[in-house]
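Here chain A shows up in two complexes: once beside chain B, once beside chain C.
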Partner chain A sequence: MGEIIAIASGTWKNILRMKVVYFLIVCVWILVGIASMYEILTIGYHKPLMMDVSLVLNAIAASLTVLSVTFEIPRELRQGVAATLLTKSLGRTQYLAGKAVGICVAGAVICTLIAAGSFVIYSQTFAVTIAGTMLKAQLMLIISIIPMSAMAVFFATIFPEVVAPVLTILAIWFSYSTGILSHIPVLYGGILPNLDFFNFRSHAVYLHPIPGFYMILATLWGIAYALFLLMFTSFFFKAKDIK
Partner chain B sequence: MKKDTVVRALIMIVSLAAASWLALFLTPMQNEITREKRMLTKAPVAGLHKFLADVAWMRFVNYAGGLATIDTTNVDKVSEMLKSIIAYDPNFIESYQSGILSISNADPKLAVKILTEACSNPHLRSNVQIPFYAGFILSRTIVDQNNPDKVLSHPDYAAAARFFRMAMQRSGHPEPYIISNYIRAKAKMRGGDEYYAMLAVLYEEWKMSRVKKGDFLPTDYCRIPDIEARLMRAAREAKYPIDEDGRLVKPSKASLDLIAKVQKEAFADNHLCVNCITPTQPGDRFCSVCGHQVAVWGVCSQCKQVLPANANFCPSCGKRQ
Partner chain C sequence: MEEFIIQTEELTKDYSSWLRKTPRPALDRLTISIPKNCIFGFLGPNGAGKTTTIKILMGLIRPTGGKAMVLGKPYDDVESKNRIGFLPDSPAFTPTLSATEFLDVCARLLKIPGERRKKRIEEVLEIVRMTQHAKAKIGTFSRGMLQRIGIAQAILNDPELLILDEPLLGLDPYGRQEFKEIILGQKRDFHASVFFSSHILSDVEEICDCISILNKGRLLCSGPLQTLLSGGGKGVTVDVRSEDALRELVVFAKQTNRIADGEWELLFEQKDPAVEAKINELVGRFGDRVQIRSANEELESFFFKKIEQDNAAKMN
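Showing the complex of A and B:
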C-alpha cells in the first residue's frame, strides 16, 4: 500500500505543481461567469446555461486530467524512469495502481476547485443557494474520474504516447455515447465501460433529484470497474519488456 | 502459475462480476431516474445533449431573431432547428413556449404534433402552457401568410377542447382565459347558435359539478371554479343575443327553453329577474334593469320592511323572522 501511495503522490504532485493547471481553472471560472451575459441571446435561459456550462467544462477538465497519464506512463517507460522504479521492491501492479490513484486525486482536486468556483459564481450572480442536485451532479462527475483513470492507464500501458491519448479520448467518448448498449448490462457496464452512469448534467439543470442510493451504487461500480481494468492491464504490463 | 498471477486473476474476475452485477441494478435505476433519455437522439454526442440543446437554442434565437417573419418560405429551416433542440433535450420548455409558437402560423400541424408529444413528456406534466398552446392552435383557422386563399389548418374543436381541458387539469387554479377557451371550443364543437351552445356547455358543466359522491363523472373532468357566474352571464347573453353588427336579435326558442331550465335548476335561490336574469335586491318589486315585476324577498313577513342581512327579528315591528 505504501508503494501505491508513493507512486500516487508523485503523480498528483506532478500535476498539481503545474501552473498551467491553475491558469486553466481560472479560464473555466471566467467562461462560467461569461454565461451570465447570455441573457438576451438565450431569451432568459442564461441561468440553466451557466449551470450546464460549469458541468460540461468540469467534465472536459476531468477528461484532460485523466489524459495526462497517457503521456506520463509511456514517457516514463521510454525514458527508463519506470524501469528504475521497478528495479526497487515496487511491483508492476502497484505502479499501475499508484498511477491510477494519483490521477484520481489530481482530477478530484481540479474538478472540486472548478465546481466550488462555479457554485460561488452562480450563487453570487443570481443570488440563489446551490441546490442539492447541482452538488450531486458535480460529485458524480468527480466520481467518474475513477473508471476514467483506469481506462487511461490501460491505454497508456499498451500503446505509445502518440496513440494512447487518442484512444483514451475515443474510449471516454464511446462510453458516454453508446447508451443503446446499456440494454446488454453485462457487456456494457461490465466488460465495456458505461460512463453514462455518471451523467446527470441535464438533471442538475432542471433540479430533478438524484437518489443517494444510486450514487453509492454508481461509485461502487466505478471502483469495481477500475479494479477490473487495472488487473486486466497488469497482465499486459507484466508481460511487457521494460528496459 | 505464480501466486501473484492467481491473485490478480481472481481480483479481476471478482471485480468484473461485481461491475456486471452492479450494472444490472444501475441500468434500470438510471432509466427510471432519467426517463427523458428514452426520448433523446441516439446520436453519439458523449452525453453532451443538454449542452448541445443550449447551443442549438442560441442558434435558433440568433436565426429566428433575424427574420422579419416566419412563414412557409423559411419554416422548414426553423422547424429543423427546433426539432434538433428537442431531440437533444425534450424538457427544454423555452423551445416549446417561444419556439414552437413561432412556427404555428406557418406549419400549424407540425407545431401541434410537437406539442402533443411534449404533453406526454413526464417531466413536463405540470406545464399548463404546452397543452394550452396546442389547443389554441387547433381552435383557429390558419392561412398561409403569403397566399391567404390557402388554408394551412382548419379548426379541430374537439381536439382543442381536449387540450384546454388538459391545461385546466394541470393547473390547480385554472386561469380564466384557459376556461374561456375551453368553453368556447366545446361550444364551437356543438355548432349551431353560438349563444345557445355556450349556455348548453356551461349547463352541462354545472350539472357535472353537482354530481354526488359515487356518481359517474368523466375521468378527465375538471371543475370550473366560477361556473355559476359564467352560467349566469351565458344565460343573460343567450336571452339578449346580438348579431355581427351589434344589434339585438330575437333569441331562439331552444335558447329560451334552456334559459328557463337553467333558471329553474341553477338559480332558483339566486333571486334573479325572470326576464333579464339580473340579480335583484331585497325588497325590490320590479327589476332595476328591465322593469319586469319580480318576486319580493328579504322583507318582514308582517310589516314588509326590508330586513338587514341575517336578521333574526324585524327592526321595525319586532317579529321573529
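Showing the complex of A and C:
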C-alpha cells in the first residue's frame, strides 16, 4: 500500500501544482455566477439553472482532470520516469493503481473546490441554504472520478499520448450516454462504465431526494468497475516492454 | 564456492514481430556470470545490446529466450529490487517535483523507514553535491544535475548491487571524478558490486575489475580486466640487450622474439614469483640492458581489436 501512496502522492502533487488547474476552477466559479444573470432568458428559472451549470461544469472539470493522466503515463513511459520508478520495489499493478489513486485524489480536491465555491455563490446570490440533495449530487459526481480514472489509466497504458486522451474523452462521453446507448447493444455491451449512475443533476435541480442505499450501491459499483479495469490494464502492462 | 550477483544463460532478446522484422536479435544468447564485490564494465559500440541487457536485468523488458538471475533471484523479482540501485541511460524524473520530493518517492518505494528517510535523502544529496538544489524543481535541472540526481536515487538504499547505464554521460571532468569516487566508495564501504556500461574506456580501465565486450548482441569476451589485457596470463615482457642476461632468462620465457641485432623481447607468465625474482635480479645486475615492460595492452586498443576482428569475421 505504501508504494501505491508514494506513486499517488507524486501524481496528485504534479496535477495540483499546475497553474492551469486554478485558472480552470476560477473560470468555473465565474461561469456559475454568470448563470444568475439569465433570469429573463430562463423565465425565472435561473436558480435551478445555476445548480445545473455548477454540476455540468464540475463534471467537465472532473473529465479534464482525469484526462491529465492520459498525457502523464505515456510521457513517463517515453521519457523514462516510469522505468526509474519501476526499477524500485514497485509492481506494475501498483504503479497503475498509484496513478489511478493519485488522479482520484487530485480530481476530488479540484471538484470539491468547485462545488464549495458554487455553493457559496448559490447561497450568497439567492440567500438560501444548500439542500442535502445538492450536496449528495456533488458528492456522487466526485465519486464518479473513480471509474473515470480507471478508464483514463487503461487508455493511457495501452495507447500513445496522441490517441489516449481522445479515446478517453470519447469513452467518458459514451459513458454518460449509456441510457441511450443501451438500446444499441453493438455500441454498448456493458463494457463501458455507466456514469449515468452518478448523474443526479435533475434531483439536485428539482430537489428530489436521493436514496442513501442507491448512493452506496453506485459507489460500490464504481469501485468494483475501477478495480476490474485496473486488473485488465495491468494484464497488458505486465507484458509491455518499457524502453 | 564463488557467489555471483548476476548470471545470465543464453539470454536472448529479439524485437522482431509479425509486423516488423529486425535483421538480428538485439541480444544473442548472452551467457555471463559476474562475481560478487566486483566493479564490472559492460562495453560495446552503439547497438551492441548493453542497454537491452540492463533493461532485462532490471525487469523492464522481457527476454525472448534464456534465463537471467540477479542477486540469486529471477530478474523480475520485485522484492529483490530493494537491494539494487539503478541509473538509466538518460535519467528523467518527474519535472514538477523538487529533488527532495522525488527522492522521497523513491525512498518510499524502497521501503526506507520514515525516520531514516529524511536523513538519508540529505546524505545522498550531499554525496552528489546537490544539497543547494534540494528544493529546486527537477524540470529546471541541467543534464549533469539530472545525472547527479540519478546517482542519488540509485544509492539511496545502500544497494548490494548498482546497475548503471552510461553513468558518466553528461558529467564534466569533475563530475566524472566524483562519480568514480562514489562507485569506489560504494564498493569499499558497503561491499557493493557495480555493473555499468560506458563508452569512456579510460574510466572503465581505471575502476573496473572485470569487463565484458559485446558486439551486435553477441558476447566477444568476458573476464578480469588484467587477464584479458595481458592476453590471458602472458603478463610481463622484458626487453633484453645482453646475451648473458638472455642466456639466464630464456629458459623461463614462454616466448622469445628477436627484435633487432643483440635485442630480444621475452614474454613471461605474470604470476610466477621465481621468475619475477630472477628478472628483478637481472635488472639490478645489467641495468638498462634488461628492461621490464608491461605486456598489457590498453583497453582502448584491445576493445577496437576485438570489435574489428568480430566485424571482419562476420564479413567473411
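Here is the rule we use: the second predicted complex is superposed on the first by the 231 of 243 C-alpha atoms of A that agree within 3 Å, B and C clash if a C-alpha of one lies under 4 Å from a C-alpha of the other, contacts with A are read in each partner's own complex, and residues count from 1 in each chain.
Throughout what follows, a contact is a pair of C-beta atoms (placed from the backbone, for glycine too) under 8 Å apart; a residue touches a chain by one contact, two chains touch by 3 or more.
Just so it is clear, the structure is predicted and the values come from calculations on it, not from any experiment.
*Asks:* Do chain B and chain C fit side by side on chain A in the superposed arrangement, or is it a clash?
*Replies:* They fit side by side.
*Asks:* Pick one for A:218: touches chain B only (first), chain C only (second), both, or neither.
*Replies:* first
*Asks:* Does chain B (first) or chain C (second) touch A:7, or do both, or does neither?
*Replies:* Touch status of A:7: second partner only.
*Asks:* Under the stated touch criterion, name the partner, chain B or chain C, that contacts more residues in chain A.
*Replies:* Ranking chain B and chain C by residues of chain A touched puts B first.
*Asks:* Could you say whether A:231 touches chain B, chain C, both of them, or neither, answering first, second, both or neither?
*Replies:* The answer is first: A:231 touches chain B but not chain C.
*Asks:* With the two complexes superposed on chain A, say which partner A:205 touches: chain B (first), chain C (second), both, or neither.
*Replies:* In the superposition, A:205 contacts chain B only.
*Asks:* So if I put the vertex at the Cα centre of chain A, how wide is the angle out to the Cα centres of chain B and chain C? Nearest 10 degrees is fine.
*Replies:* 170
*Asks:* Please provide the least distance in Å between a C-alpha atom of chain B and a C-alpha atom of chain C in the combined superposition.
*Replies:* It is 11 Å, taken between the nearest C-alpha atoms.
*Asks:* Per the definitions at the top, what is the overlap between the chain A residues touching chain B and those touching chain C?
*Replies:* 91
*Asks:* Name, in rising order, each residue of chain A that touches chain B in their complex.
*Replies:* So the residues of chain A in touch with chain B come to 38, 41-45, 48-49, 52-53, 56, 59, 91, 93, 172-174, 176-180, 182-183, 185-186, 188-191, 194-197, 199-203, 205-206, 208, 210-211, 214, 217-218, 220-221, 224-225, 227-228, 231-232, 234-235, 238.
*Asks:* Once bound in the complex, which stretches of chain B touch chain A?
*Replies:* Of all residues in chain B, those touching chain A are 4-5, 8-9, 11-12, 15-16, 18-20, 22-27, 29-30, 33-34, 36-37, 42, 44-51, 54, 57-58, 61-62, 89, 91, 94, 98, 123.
*Asks:* Can you check the complex and tell me which residues of chain A touch chain C?
*Replies:* Residue list for chain A touching chain C: 2-3, 5-7, 9-10, 13-14, 17-18, 76, 79-81, 83-91, 239, 241-243.
*Asks:* Across the complex, what residues on chain C touch chain A?
*Replies:* On the chain C side, the touching residues are 55, 58-62, 78-79, 81-82, 84, 86, 88, 90-94, 96-97, 101-102, 105-106, 108-111, 150, 153.
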